[in-house]
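A, B and C label the chains in the order they appear, each numbered from 1.
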Amino acid sequence: MSAVIRVRNLSRDFREVRAVDDLSFTVPAGEVYGFLGQNGAGKSTTIRMLLSLIRPTAGRIEIFDLDLERHRHKIMRSVGAIIEKPDLYKFLTALENLRIFSAMSGNRHSEKQLLHQLELVGLRERAHSKVQTYSQGMKQRLGIAVALVHDPDLIILDEPMNGLDPQGIADVRKLIVHLAHDRGKTVFVSSHLLNEMELIADSMLIINKGKKIAEGSKEELLNPTTAVVEVITGDASRATALVHQSRWSAFALPAGEGALRFELEKARIPELTKELVEMGIPIHSIRPRHSLEDLFLSLTAH
Amino acid sequence: MFRLLQIELFKIFSRPRTYIAFAVITAIIFLVQIALRFSGREYMDLIMSGVKETFEVPAEEALNGYLVCYIVLNLLLIHVPILVALVAGDVVAGEANMGTLRLLLTKPVSRTRLLLIKFLASSIYTILLLIWVAVLALGLSVLLFGTSDLFVAREVDSNIIAESDVLWRYFAAFLFAAIGLLTVTALAFMLSAFAENSIGPIVATVCIIIVFTILTQMQIPFYDETVKPYLFTTHMLGWKGFFYVRAEEGVTVDGSIEDFPLIVKSGLILIGYAALFVVTAIWYFRKKNILS
Amino acid sequence: MMQKTLLLILLASPLLLEAQSADELLARVRARLEKVSDYQASGKMKTNVAFVKAPIATVKVFYKRPNKLRINNESGFSLIPKGSFNINVGNIFLSSGDFDVIDMGLEQKTGLRVIKLLPRDDESDVVLSTLHVDPRLAVVRKARVTTRENGTYELELSYGRYVDYGLADKVIFSFNTKDYKLPKGVVFDYDGGQKKNENKLPANRKGRVEIQYSSYLINKGIPDSVFL
């Protein structure tokens, strides 16, 4: 199986609002697949449709080469998920929560096995504490443990690093990469921590207002023929005014203090540099930026 | 299926609020028993006021454990439905509110099965509550007040049931009461499936019970002729029918029931309502978009 | 000759019986009743009142002269009609005080002597008593007593082993009943949504209590505490 998830022309309307608009994408097996979008872009709605919590208005979803609507039962045996923040039974202990969700997945794990799962997420010592005494980060880690307890082949994680401290984020990052690269799992991660996603994702999907705006491997998306160029200048306001009067205004992007930004083909960077100097704009540094954040901002600004 | 049922029951009985109902019932029954111990005479005068003009009323003997149980049931079988709603109204909506519902529904358990198991678990809770009522209302009353014949006051007449003819009637009455309470369970459960928060279903169930009970008991001809025969609260009183005895020339016939077919009809109506509520809940829930 | 004499006596007996005055007959009746200072009787009691359904009760009836009477349900409890002390026939004489006797003669159908007692005291609760007396056995078989306060009650008595003491084997006591009135809201009946049968109860305002006695213990002494 080369693709774990295949989505074709997926749409979802809520009254007059089209939350997801004709979305199609493919998630390759054994990869970390990043799912990016601003708040309200339709990520949660998409994930809920993948997990059959919401019925699509149109379109098809296949997971493990099986139609989701017809084979939901079989598919869900091999899917683990966190949807938004992981809400668990606060009045029960971590171990009890894990036992419940493990049983609901059709498994019978011994207490020893369940404690091992908690150890993987660093919660072994607090296994018998009630969840209501947990911090947000601990709840997040328990949510991950619950998602993984039945050893699923596909793991769908919605903002798994929320509420975690830097060490926690690093741990989750390592875990996700380990699951995909060492254990052959497919991990579908939605997040708005772009720098983290840049580190772990093998492929990505970027959506805005329910529509796909980019999809591809990290290499394809972050090394295109076009680049975002950042120019640090001494007199940004005068420089900005000059740029807006020039032919380069069409390539200009919003920029921070003391900087100019342009999106253009890499081959034209020398040309731009020359003309900026000719306009009398003092240039302190000029460099192409290839970060995901840049890509994201540029795509979602249009 | 059994394992999932165990899990549901574990969730229900892990919450302190589940035990509130048992505590409330215990308190109410104790209060009634204490009150009758000290002011039983006044109460007896009231319920025997229909016959007091014509007969000498043996208040001491008439106030026995069987009568105390009858009084308690009259009181409680309006209030127990409220306590039933506390759990049944929470069983789906509570999970939606907690956020655990979305996680449950990503598991390889169909929505129909999940809901049926939740209904079954709430029903077990209801039955346990009723058993507790039976133990305290009947068992404890008999221990405290002893047994004798049972005096049953009705709107137009009264009957006395011989002591030896009473106990089986209580078993039958509790069985019937179970059907009535399971109908309430089903109603609260259905409302729970519609909602995202358990306050709504609990309050709605309580309001429906109160309004329907008032309509059932108001004795206004307009309602009596139009809605009363269809209200499930009308039929929930069917347990009393086991204490209405046939008589021949004023002499009660032991082991008889005045109108057994009527009780059966009420029972079937209640079962029908319960089935309707459960089926509606499942039908709605299957197509519901889970946004919680 | 003997046979003819006997036949004559037999044929003449009604006349002979009629020949004794009402006063004399009543005296014989009272003589029987006076033999009893107290009794304790076992029996079964049936109640037949429109608004009460009750099982047949196993009862003990206690009587002590002049007018103490108590009916106890041995197995459970019973509703005992007010005025139940009147099941003791002797009470008629007691409550009538001084009375005038009106002899109505023999009732053809039953062969019983009908005697009316009219109390002389205008304040007496009893207004009129009508007794149907067995002239041969000198026992009251039927009594109808009209009172000021409680209307009219009736007694029907049949005798067996204890006829010598004027104690009946079976007593049927018919009495007036007051309306069954329960304050609204005290009870809520189950009716399954069916229409109420408004005229369910007949307008019959009389109730009946029937006691079938199985045995009497006569003049054995009964403490007053039994009647409290």
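Simple rule for what comes next: a residue touches a chain if its C-beta (ideal position, glycine included) is under 8 Å from a C-beta of that chain, and two chains touch if they have at least 3 such contacts.
Everything quoted here is computed from the prediction, not taken from an experiment.
Chain pair with the highest count of contacting C-beta pairs: B-C. Most remote from chain A, judged by the distance between CA-atom centroids, is C.
Here B is the chain whose Cα centre lies closest to the centre of all protein Cα atoms. Chain C has its Cα centroid 100 Å from the Cα centroid of chain A. Look at where the CA atoms of chain B average out and do the same for chain C: the two points lie 48 Å apart. Chain centres here are Cα means. That of chain A falls 52 Å from that of chain B.
Touching chain A in their complex are the following residues of chain B: 3-4, 7, 10-11, 14-15, 98-100, 102-110, 287, 289-291.
Residues 48, 51-55, 72-77, 79, 81, 83-92, 96, 100-101, 103-106, 146 of chain A touch chain B in their complex. Residues 46-56, 73, 75-82, 84, 175, 177-184, 186-196, 200-201, 207-208 of chain C are the ones that touch chain B when the two sit in their complex. Within the complex formed with chain C, the chain B residues making contact are 46-47, 49-51, 53-58, 61-62, 74, 148-149, 151, 153-163, 165, 216-217, 219, 224-225, 228-231, 234-235, 237-241, 244-245, 247, 249-252, 254, 259, 262-263, 265-266.
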